[in-house]
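Just so it is clear, A, B and C label the chains in written order, and each chain counts residues from 1 on its own.
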């Protein structure tokens, strides 16, 4: 263990602990854009800089291991000055249409500008505009709001493994891009939307939820995705008793299976919930027409038919085709039912197709 | 046009050598054709987005078709004080193109560059990386004559 | 004094740099032979004794850097030949005059840190130097002098930031040339994750002479705390704009007036920028300063790469600094916010001022922006980019103000 003094408070941390962690442990609130505990460190946004006694420059706390005897100030005049100027530099290139932004109220740039009283930028020069054109149904890419934290690039590579996007060009002209600025649909993008999950501002948002509710207007209901047996946790965003979107819960305690990561279906495929033609009861065909029935009715009907076929034509006249949307345990029961109750090995599963 | 696959294959055993591949392609074509780029990404096991990020980072690499002769005018401070601006204007007039453009006959592309390390003979231009120093706006026609 | 002292360039133009045999005839590869007969620890001690400090600009003691390298099955020696600092061409000159000394220096480092593989990262602007080095390596291999030490030349592609050692490593690995955070330092975790020593061409080229003549001999030359010689490249408004090798206690005024032959066309001196485009502008009153690292630091300047740009009395210093600001805007890698956005806005502000549209508020903005870039940027590029602006605001603020309408 080593000793570090943070804002006058001495604490002990294991050797190798990053200053960011140490500062948070000491109760200091350190702002970050590019830091994400699930991704490789970048150290690039420089919002987390702190002042260490005896150092000529500020230290990026997310990538600087604490050293024994370090004396750290997290809100010294030069730290605050640096953070304010960085925010002003970002504002100078940022499309400040917060009133129509999907992330209004849940935006780190807003939060930090509020925290440091940054009302406007003194850098009033050229703004480079990027095209929003990307005709995919899921991900809105508005790089006029991008702050170049590169979390989207890292999550695409490190968690999803798609490597569909990267930083292109350099300096002020650098931007997030697919190869040759192509559309996401023509890239290796799988539309998992993990990039939306990690974006700290409104640069990447869901087209499916657009205009349906701001972050503070929706209630987040923790649930399990029904699309497959993996059991990913997700949050249904509910406004006026209507699901308007899906967001990630990255807390391991609530989302032990996926830690917030989802696939295209889980993140964007929730429109069935309120679909007009969604089945809400079992249907039994009577006189050539499907008619609503109760579950008891439907199950009795199915059981009777299975019995009847087995008796008339033998167990091998029956087969079960199970679904990946149910769990492994349920699939186990399904095959057990076919073998032990019906007496046939005619069992298959959609995941084999 | 020689086969880009052979060009890439000739450097394929160079560890992390995609930049070497890009150089080799540019030596042949003066730019990196998209098809060849995709092959290089494949050979060096990079996603296309990653390889594109690498290729666009370096100012000597280009994904756009360029002329047979790439003229670069150095505009760094030592060349600047030696009159690079006037030389650049003279080059633009002589070639009839602006910086970043290629002559209609596909012969010359005019680019700007930062210091090319020939500061004993400022102002300096390069023609396909060969430096030519002590450029005088009056001398442009003479200097470029061998490339016509 | 006021004379050159040639160690690295002693046989310039007298031997063919490609030919190992010619180099051996003038005493070449003796240092390596000696190093191989010594223990690794003793080689490092000898280099420490010489006081040799990195010639790329940071001035870090070479022997100390080597001593941090841990034991590992694979280690690399990397030679930084990415000299992109405008006004600098000393590394090219060293290669074109004495390439074998660079190879020998790398092999000496290989002996000291127990590495058998070296890379030379040559900037993309020097394809002819790449050809020369490849021939020089072939010749040295043929002569058998490198033993089991292998050297491979890699080429940059027009990115100043790759002169930063971790960005250089990224580039050799085939990535975008963006710097890595430190620690871990390359000496512990460098190229492909293994211990790697990155030194400048000039640092490596000094090693053969240190080993063959002894560390003490080298420590006795020039400034005691930054001993040896330094190769300077003189540009701008001087009569004799060329390169020189001088002892490190050489006086800046003598660089301009003795070696440089004074200001061109009988004009008067206005300012000199030492250390390349990222260096400080120095006014007349500070000219009587030795060029060594610490003396330069004491007047708020830096020896840096050893480039010296002289401006005469007629020069528009704001215009020159505007051009320099464009350089940094062009070369910022874009990774960190202060540098990516800061170099862009600094250039914008300089253009406004240079065009006569500025005001005192713009100077205040430049000052605070420069301070934040220096304090908070990721690497040396963003940290140094404001220096030309800051130093001219310090010494030549009246020239800025004169531009205001």
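Simple rule for what comes next: a residue touches a chain if its C-beta (ideal position, glycine included) is under 8 Å from a C-beta of that chain, and two chains touch if they have at least 3 such contacts.
The structure presented is a predicted model; accordingly, all values stated were derived computationally and were not measured.
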More contacts between chains, A-C or A-B: A-C
Chain of greatest Cα-centre distance to subunit B: A
Rounded Å distance, subunit B centre to subunit C centre (Cα mean): 25
Cα-centroid distance, subunit A relative to subunit B, in whole angstrom: 42
Inter-centroid spacing, subunit C versus subunit A (mean Cα positions, whole Å): 45
Subunit B: positions in contact with at least two other chains: 46, 53, 57
Residue list for subunit A, restricted to those that touch at least two other chains: 167, 169-170
Multi-chain contact residues (two or more partners), subunit C: 159, 176, 330-331, 333
Subunit B - residues contacting subunit C, complex: 15-20, 22-23, 44, 46, 53-54, 57-61, 75-78, 80-81, 113-120, 122, 126, 129-130
List of subunit C residues in touch with subunit B within their complex: 83-89, 92, 123-128, 154-160, 171-178, 192, 233, 235-237, 241-243, 273, 277, 307, 309, 311, 315, 320, 323-324, 326-327, 330-331, 333
In the complex with subunit A, residue positions of subunit C that touch it: 159, 176, 181, 183, 329-338, 340-345, 348-349, 365, 368-369, 371-372, 374-378, 383
Residue ranges of subunit B touching subunit A (in the complex, touch as defined): 34, 37, 41, 46-53, 56-57, 63
Subunit B-facing residues of subunit A, complex: 157, 162-170, 177-180, 187-188
